[in-house]
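Down below is the structure, laid out as structure tokens.
Letters are used for the chains, namely A, B, C and D, taken in the order the chains are written, and counting of residues starts over at 1 for each.
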């Protein structure tokens, strides 16, 4: 039985607690939060756990085997570091840390402490994202031409991070999981209209071959859009997370160049075939993820979204942020 | 009765001919095309017109009052120039020309010849785009924060232009019509997978104030997306051209900054109100545009999408193309 | 070259004329309409045809080989009868006639005159409806359990027929084409709110086996819905005509009964598999239909939607109408 | 503090327990279920409650103030009766009982015992359904012409009831809440393909005036549809529960009769105006309902969906079921 302590009972904490409660082999034994009213809610919703105001006390608690960190981004480094140093396994909300330096340090610390460090890149555990991974691995799409993600809605403007650090970890972690190559450079543009932090950002990711990736994140959009397009030389995928069912659609569509003596237009061939929407399991992603964390802790398995994956995402975020501040100048990776 | 000669009977030409045929006060008297089979089709579909292979002959035809140019982009300059010099009024498919220099020269020539020069920025004549213009002019949206356009599908890869010159004229002409300010600089990234021309492009447009605009055009997308978001300080608009009805939705949504003593999050205020979809007239845009051209020719009215508007669009295209070739370096306008 | 005369240049007539104009082997030589302004439009849009006010004159015209009847329902019988008796081939808008007696008489007349009688059941010529037919013939769906059609929008309230006679011919002709069995009885309910004719109707069709079919037609609906569900023992189909693409979706879904010792619920097995949307040709249905008519006239082929098919649809309409007037009492067929 | 005992921990029970746990003024103190594995789950998810196998013991438990019955339909009557007789307040899953006789008896018993009897007509507590109620009460729609509901998907085929008793309580309770008039007769058709119970049903409800209502429920549909149309003389509403946002749309559309001298068609006037989607609160309906139950218990308020409302729904179900068995013969109410 892995005994879990959860730090932070804000928006995401209750979801983690509920899912660990449903996991075989896990038990939430402690919850901490700085705010009295959140502690009251925690006590109500999780009567079996001891609820406290001090994260340090939770980390120090000998009955806690694994610490889950669900606090604002800027606090991740200190809390995760302390937990690792106390020999606890750690699952931390995305992103791993607020700088590459900190992220690297945490990866090193986890190695030194020989404990599990896992980052809550939740989307990687959805059946939709995993199905697309399987399709990509099967080679069905051919060579990948582009990855295009739009993630916009009227979002919670954060005070300690901009829209890039808030939303783009989702896109970057999905891209990192799907593609077997890493970008060579990143350029980002954005603008800020509410509180001085960027609330709109456009990120272009350039690869050594001519693959291109693009991420549009926006806290000021009237409609919720969560759509990723992946175009390949043979087939193309649309992953639309707002679809009730049929979130993943695989299109047998493509373009092939051919001779064309038309004086007006060098026509290329088009292949427009059937569309196919694979059946997706309906398991909650967070449930799958929590179970995976428990397995890693007890079975020594390496997390799918380990510290290294978290670091790769932070590298992209930091470079994109640097480009944003420098007026879009591409930053090498 | 304005007598019309149409040069080019490919994809778009028949639509222009059909719409002018339905216009009061206009008559299509001549059609030219280099291809015999297109001439045969023209003869069949428009028995009243004389059909010829020579554009020069059509331009020289004294019975022609106005010339409509519906040929590939690279031929616009020569044909429009000749028509203007022959004293004909001209309606030319978008974009006006393939370079700023050429576009300027055509604007000058039209002035000199004292004839109408109008560019077929078709979307400007749709009831959806005009409704949004009216909403913007009414001040309903407040200050505009951003303009974001996605125009992607499995498109006809062109041999004489890239995706930017093929699709972005739509987005640029709509933006030019809607916003009362012009971008100060433009940056573009793209990649090319089929025939050496860019088939994917991401264009960021920066303004003196912190307004930002972005255009994503893509010939290699599996699904057809034609969606523009405009976010303002008071309301936001979604214009989705793929919707059967309700193409324009106005959201009473917004973000307002306020004091927030929360240690975790500086919350800002959110206004989430009703959504409203104005009724739109169902008139075909091209019909409205053709009628407008006739009015300009006969009544001396200045076209909504005159040569100057065409030139502004070409300026954006040329600058974006330059940035594309220079690896995204922003180009001033 | 089949020379076509078109009677009625209202809403549908111009579409027929335009499509016959594009057909190889056909030429529209005459058009008649009672209304002067429609004749003016016809003259403008089809300069090659002689335009007249008298349908009788058109039918008597020796240069006309085939007559297309595109007039209100109540006039079909007289006009089609006269044309058949004059030895002309006939294509008539749906439904064939306003009564079974009249429809039978027309079928007989066509046989006697040895000419083609075809009914414009347009949907049967769409690629979507034909694709579903192919799927059904392939046995992919297993045994058909039900056919459910909804066809509603804010429609043109007709003065000479109710919503049943106006819209249900579409559903009945599709059902007649898809299913290899005929209903045994029909029950219909409706109500009337505008001009004394039913503007809403619900029709249930009962079969000898326990297949059930249902059609909902409504002129007073705020949204346009054109959706047919077909459930089978193995797979199920959704045909949604309002979808821009992917009009036909085939679901690998089903229910199978099994032993289930649960005291609460006798569970049955569910099969929830992939969904598949076949690629559909983009040819205009009316174009396909006009070409088919020409082939039947010249090649002696039997029309897919011949007089017999038209008669079967009228039988359903008449029986449903009788049930409607009798408060829903099922009418045998 | 109202102490709650929940009978039945199947599909719906856990949702009720979770929502009562979040309610101020309530505490779940006991849960019973016949199945050991469901009891194990209950113990895990609700550690504060005593978990038992006997419903009778739960009802007899003096510490229980209110009993929530979440068991299959056929058991409602016995369990609710026993609870009422023990002086407990009762919230029972829809429908109230499996016959009008039983439903009436329960209403009487609650009156006699002077306790609250409330039926879990969940949809009545959604913000969408309540918003439409407010719109109807405001008279915005004018006179109601029709109510049309479609509720279909691949559903859980029940062993103790047909699709009518499983799904139609939702539609009937919404209709009962929205309309200020009751149907005079009901006709139903259905068919059965899996286990002898009807898995498809079409119900037509006739009113004294010419209002018409129709409900289509189906367990064998490939796509999930939950859509209600309400047409009025002035405006029309679409309530689509599958929409992520904008579940309720109010259309300013209508038809008005006018003089029309057209020989072909007596045209009526059409009003096609704007559409409006009111903002809806995002509170979970079941949460609102549980809180309402607690208020009724503690404050003596009459439940919105009291025993009488439950009885009216059962009257419709029983009459529709009778019509179903009699081949569609309309049953008076």
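As a convention for this text, a contact is a pair of C-beta atoms (placed from the backbone, for glycine too) under 8 Å apart; a residue touches a chain by one contact, two chains touch by 3 or more.
Note that the coordinates shown come from a computational prediction; the quantities given were computed from them, not determined experimentally.
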Legend entry - Which of B-D and A-B has more C-beta contact pairs: A-B
Legend entry - Most remote chain, CA-based centroid, reference being subunit A: C
Legend entry - Centre-of-Cα separation between subunit D and subunit B, whole angstrom: 51
Legend entry - Approximate Å spacing (C-alpha centroids) for the pair subunit A, subunit B: 38
Legend entry - Multi-chain contact residues (two or more partners), subunit C: 223, 272, 275
Legend entry - Residue ranges of subunit B in contact with subunit A within the complex: 10, 34-35, 71-72, 145-146, 148, 150, 152, 154, 156-160, 187, 189-195, 199-200, 202, 204, 206, 210-212, 214, 216, 218-223, 229, 231, 233, 236-238, 249, 251, 253, 255-257, 260, 263-268, 270, 272, 275, 327-328, 330
Legend entry - For the subunit D and subunit A complex, residues of the former touching the latter: 21-22, 44-45, 47-48, 223-224, 242, 244-245
Legend entry - For the subunit D and subunit B complex, residues of the former touching the latter: 246, 252, 272-279
